[in-house]
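Chain naming follows the written order as A, B, C and D, and within any one chain the residues start at number 1.
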Amino acid sequence: MTLLTAAFLTALLAGAITAGIPLLLAGLGEQLSEKTGVLNIGIEGMMLAGAYLGFLVAWKTDSVFLGFVGGAGGGMLVAAIMALLCVRFGLNQIVIGIALTLGAEGATAMLHYFQFAQTYPRLGAISSLPIPLLADIPVLGPALFNRPPIVYIALLLVAVFAYVYRKTYWGIALQAAGDKPAALDSSGVSVLGIRSVAVLLTGALVGLGGGFMAIVGAGIFVPFMTNGNGFIGIVLAMLARGRPLWVLGGAALFGACLSLTTALQVAGVDIPTDVIQMLPFAAVMGVLVMLGRKANLPSALGAAYVRGAR
Amino acid sequence: MTLSSQPADDAEPLAKPIVSLKSVTKRFPGIVANDSISIDFFPGEVHVLLGENGAGKSTLVSMLSGLQQPSEGSIAVDGTEMPIASPQKALSLGIGTVFQHSMLVPSLTLIDNVNLGGSWWKTPDREAIAKRMEETALSIGVEVNPAAITSSLSLGEQQQAEIVRALMRGSRFLILDEATAMLTPKDAEKLGQLMRRLVAQGLAVIFITHKLNEAVAYGDRISVLRLGRKVGALGPDELKSLGPEAATKEIIRLMFGSNGNQAAETTRAAGSARPLVTATDPLLEILALEVDDDSVPVTGIELKIGAGEIVGIAGIDGNGQKQLSEALAGQRPVKNGRIYLDGQPIEDLPIGARRHRGLRYVTDDRLGEGTVGAFPVSINLLLKQIGEAPFWRSGIEQGGAIAENARKQVKDYDIRTPDIETPAGKLSGGNIQKLLLARELTGSARAVIFAKPTYGLDLNNIAASRRRIREAADGGKAVIVLSTELDELIELSDRIAVMSQGRIVGIVENDGDARQKIGEFMSGVAA
Amino acid sequence: ADINSIAILTPEQGTDFGWNQQGVEGAKAAGKATGVKVVTAENLGYGDVRPTLRELAEDGNTLLIAHASGYNTAAPEIGAEAKVKVAIVDSPAAMKKDAIVDYTASGHAGAYLAGHLAAKMSRTGTVGIVVSGEPPSWNAQSVAFAQGVKAEKPSMTIRYAVIGPAAYSDAAGGKRVTESLIAAGADIIFGQGNGSSFGMLQAVETTKATDGGKVFFIDVIGDKTSIDKGFLLSSVLWNLTPVYTAMIEDIKADKFGTRNYGISLADGSVSLLKTKQIPDDVWKSVMDIRDKMVKGDLKVEPKFDAASVHALVSQLN
Amino acid sequence: MSVEVQDPSADGQAAAKNNGLASRRLLTDRLQLIGLSIGPLVAAILVASLILIAMGVNPVDYYTYIVNRGLLSPSGIEATLTRMGPLLLIAAGLIVAFRAGIWNLGGDAQFLLGASVVAALAPVLTGYMPVWLVLIVTLVIGAIIGALWSLVPALLRARQGVNEIITTMMMSFLGISFSNVLVKIFFLDPATNVPQTRTLPVEDRLPRLFDTTISSGVLIGLVAILIVHYVMAKTAFGLKLKIVGANAKAAVHAGLSVSALTIGVFAISAGFSGLSGAVAVLGQYGNVRADWNPAYTLTIVPLVFLARFNGFATIAYVFLFSVLSIGSESAARRLGVPNYFTLVTMAILLILLGITEMLDQKRRESRRT
């Protein structure tokens, strides 16, 4: 039986997208925080909280939509702590980010232990929304254009953020908050306000990514299920240097490599998974070595803003 | 004529003050920056604030613009007391500020910097803003390129853009904190005329400057601060009746007390006292120097400087002075050409080796690169000698030697610091400059490059710095002074080179009509 | 010798319907059967267990069951140091009188039967194996399953995929890889993983086979019947109770360390789960094969290394 | 991005010199200081207690077990000290890097590769040379391997200014997989089914201290961190690194070779991580299993920040962390609390320590004259 069937290729492509969407959302979220000068190391924790709460709500209410709302809410909950401690009170962002990740890991694992460890509830299939005409394209159609609406929304967010960053007053304010907060402040815009909103939205985006992972990606919540996706999101955001489209590219690269791993194995090519796992990182390193791109991070990244401090 | 410390300005017109400070005190940990200050600001007047570095001028501004809150006292706007709780509040009251230190976002275009305060959900009409910006600029006789990324502009251009932005915000109360510091004399004059036009339209303007001639020329009213207190004021009538000469004298007396006059005198007198040095064998020789740069590449620099000679380099800011001085110091690669020091080529040597040969560079970026702000004064004094004996032995710090060196330098150069362990960043600008001078001028210096040596300093500190420069030359060193202030160069230099767009367009002897010749070179008349 | 209490150490929480739960429950049942107290130390991770081993030894536990292949260096060392008996996995050669025993549990015989079952039940002619990692006991089952499939029907296609190295909790990865295998034609998935196996199960529940029919799941070690939604075909069940019971009795009889332990079809410690998805005739024919194996007429040798798995699945295709 | 941290010791000295403080003020200062160091611990315990009570567990029992196990029982404190060894080495490397303003976040791979190579070599080398020499040689090799793994990020940062957070994290993901490849394919112990390296016999490992189970790795760690502290505080080299970290432009202006120093910092920092891996293998584990990754770096990073890069404070925090991690596993087991709770406790403690650090900073600021 030949392996290169349309169905298999579709599954690979769909799998790449399913694996890439949480990375995309994590990367977009981190990018938003970083733009305003907040180095958000806690997104792994926000993602996990989103996965837990997203799953819980989707399962309890039997509504996928509410599940995603719950996922975004779960991420925002953790982000609210970060906004309070790091933005308002100026605590060290690295310390708090790591603390929040550890805390979310522990808390969600415990909640899982008490709630689900005997039953492991799973969600049913998620209904998809075919896009007329496009969904009929072979392979590409079903993998890309016959998916749950959340997939389109996530992809649309790339355009939304690209627009916001370039075209709106808010986008300008975001960049100013990260590059020269004092200038923003003296123009009458609250730096702490802009940053708090950005961190909360980061929580929502990243939580949505976690929710996606639990609701669409796995259909279940298990402890530690985000598996370092948040940290890859941080790398994607930094590589993207403020451009949402680059986050999409990075997420696509990682998703594609995961599917490639599966494809090669299923085809019986005997390459250790560890080697294939190295591919996306090796590729990015190779590009960095060849291009030697300067960092170009916001100059106030990681520093708390205090009005009038000198 | 009487000058009380709380002048009632009795004969004051019918106009009511727009903003009044009522016994405003501002304390910072360990310091009273403003001590019970009361001042009224009237519409239709340019109100000049004068005072030494650290006198508390900018602190006053920060309270008026909502960045700081008074510790005591209150502020009244249009006669009603009203806390200016945030910058937003200040802007909504029509108080527009051009701060002493740039408040533009470097990574944004000027258009977007104008847009900073817009409603978040809206999309700016960038074209319209650009147009309005150009018009506003034109109305004050300057030119801006609204689409330029801020960081690509010189500090002077940035300051102009900030003034334009403040005007575009429709302020009726405009604060300009040392707005002319970065401008060429010509542009400063334009700004002065603009202030006059604005107050003619009924605005109130606060103008802070260290240049007394500007104060006297454009001000309607002058308040003088010293050590946080208001120590005197000159009303419009007094200013008029005194005339520029006498007013300046009076101001100096107010600012510095009795010794102020001396400072000012030395400043003015010393220039002509220096005998012109006739070039001997050049000590520092620059041949066909080329330096790469994205914005202002430097080409064809030829200069020979003899021992004991001071060569000034004039030019509008951003014409390659920075690139040239960095290339000479070794902080920037030389693309082509030669630099000889004592007859030896040094253009390929690293910074440290050039220093060992006797080349010194007093940077104008005192906090950015000249010092490490968080580190103690004692270490900053040795920043370029780390690891050298006797301060380090086998790489181990010798606390005693370091402290001894610091105490000596602090004394010799009159660096005012609470302690040699005080972080350098906590010093005032003038004292940081003295620290740099101490570091660069001690030891076996042969040639010294001074970049904008008196920028931002008050009269006393200016005098001290200029004295050091002259002493260096008198001690047989070759000296280059890069400055945007023509007066300074004329006072100090033996010869003056004019730089424009990365080239030296002319060199003149500093004689009677140097000023005019330089002006011709700068404006491109004499090519 | 006297024995009052034993302890079992597991890398993850004993609530995974799999390896960890089987270890904990087996030990508890063995303790109950022999009147010995059982201490459980769960969720210790795969890192530094030496402190826990030492403490459990100090607490007076006679036997420490180190229930993870990652513990098989530390446990014998601490056993020797603290003079307690230890039981480890995946190291049969380490056996030492009065000190160390091995219980390399392998469900390979059961997996072989599961292979037969899968081949009989498959409509599409393709079955899939999904694993979240490649530890020895899973390799043995993967190989045996593939052999069983081929023995039943040589024309069968077998697809094999690892989610990723150490992806034990990657439920989303489990689902994704399983879906790919289903798309590649598999209508029966033999899945091995801890947290990730629930993702595999969810994929089976929500994805149709290429022929439009149902996909079935064959699980390992534990019994997920209680949480099944009608897609669980079978499971290679392990029962470690007899293993641990035998250890305790051997200690009592001063014979500890003279033999290793294992699970087998013969004593029922390895068995195939019968669900109502399996037609009786199919079940009967599988059980016939089981009987042959128990009698010794049919031998299946376990292969524990990943290379064997890879060689087998690529050669089979 | 800037790391702005003040050296508390230098600060204290300056403060003491600056003002002839009244003794009463000194006393309140002391009290404040004690309050600031004990306070967060107490607060963290209180917050965690509430959660324990909600789970139906007596918090007093829980904390008694932690203290008994992590601190008071002989084998517990031995375990605590042993655990500190590799952690202190990682901390030493992080202090050097962070002081110089370099974000080496690739410690996990540097640790693992050092560990894997050492684990593969040491058992073989014992056949050719005396054990003490094997230990020395492999410790050095571990450090070199770690340093080598940082070479690409170091060169990229030094030559092209490529941000090292990205490159070290990339190299970390890459190196973790690479270490697995090495163990599974090249360093495999043929005598076992389990993919792991050969095992160094217990008697060939780093000697234990006195008559205990404490690995001498903790001594190596302590010595390393004290050396780092001294170098940073007292030497020209340390000062150069601090200048690069505090103001890179000033470093260029002062004629320091920033790129050479940068590469040096990477090598030292990553070398310590590699050494940590070697110490973990030679002192505790004896071998490396495939897929093993204790991921120490991320736990140590916040501790080093909280210690404000001060060596002594770092030792204290690493000690606290080790007591907690050894003790809480025991307490959780005895009280039937899922071990996940340790993570929650750790998070609460970090947050409260972070708050304390901020309050302390404010206190210093307001006192400075």
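Everything that follows uses one rule, which is that contacts are C-beta pairs under 8 Å (C-beta built on N, C-alpha and C of every residue); 3 or more make two chains touch, one makes a residue touch a chain.
Small disclaimer: the values here were computed from a predicted structure and weren't measured.
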| item | value |
| --- | --- |
| B-D or A-D, whichever has more C-beta pairs in contact | A-D |
| CA centroid of chain B to CA centroid of chain D, Å | 46 |
| Separation of chain A from chain D, taking each centre as the mean of its C-alpha atoms, in whole Å | 29 |
| Length of the line joining the C-alpha centres of chain B and chain C, rounded to whole Å | 77 |
| Inter-centroid spacing, chain D versus chain C (mean Cα positions, whole Å) | 37 |
| Per-residue overlap in chain B, given as positions that touch at least 2 other chains | none |
| Sequence positions of chain C contacting 2 or more other chains | 13, 165 |
| Residues of chain A whose C-beta touches two or more other chains | 113, 223, 274, 277, 299 |
| Pairs of chains found to touch, sorted by chain label | A-B, A-C, A-D, B-D, C-D |
| Contact set on chain B toward chain D in their complex | 29-30, 329-331, 350-352, 354-355, 361, 363, 365, 368-376, 379, 383-384, 386-387, 392, 395-397, 418-419, 421-422 |
| Contact footprint of chain C on chain A as seen in their complex | 1, 3, 5, 7-8, 10-12, 14-15, 18-19, 22, 113, 117-126, 213-214, 217-225, 227, 258-259, 261-263, 265-270, 273-274, 277 |
| Chain C residues within the chain A interface of the complex | 13, 15, 17, 125-126, 157, 159-162, 164-165, 167, 169-177, 179-185, 195-196, 198-199, 201-203, 205-207, 210, 224, 226-227, 229, 310-311, 313-314, 317 |
| Of all residues in chain D, those that touch chain A in their complex | 1-4, 152, 156, 159-163, 165-167, 169-171, 173-174, 177-178, 180-181, 184-185, 298-299, 301-302, 305-306, 338, 340-348, 350-351, 353-355, 357-358 |
| Sites on chain C touched by chain D in the complex | 13, 39-44, 46-48, 50-52, 54-55, 58, 69-70, 72-74, 77, 80-81, 90-91, 93, 104, 133-136, 165-166, 304-306 |
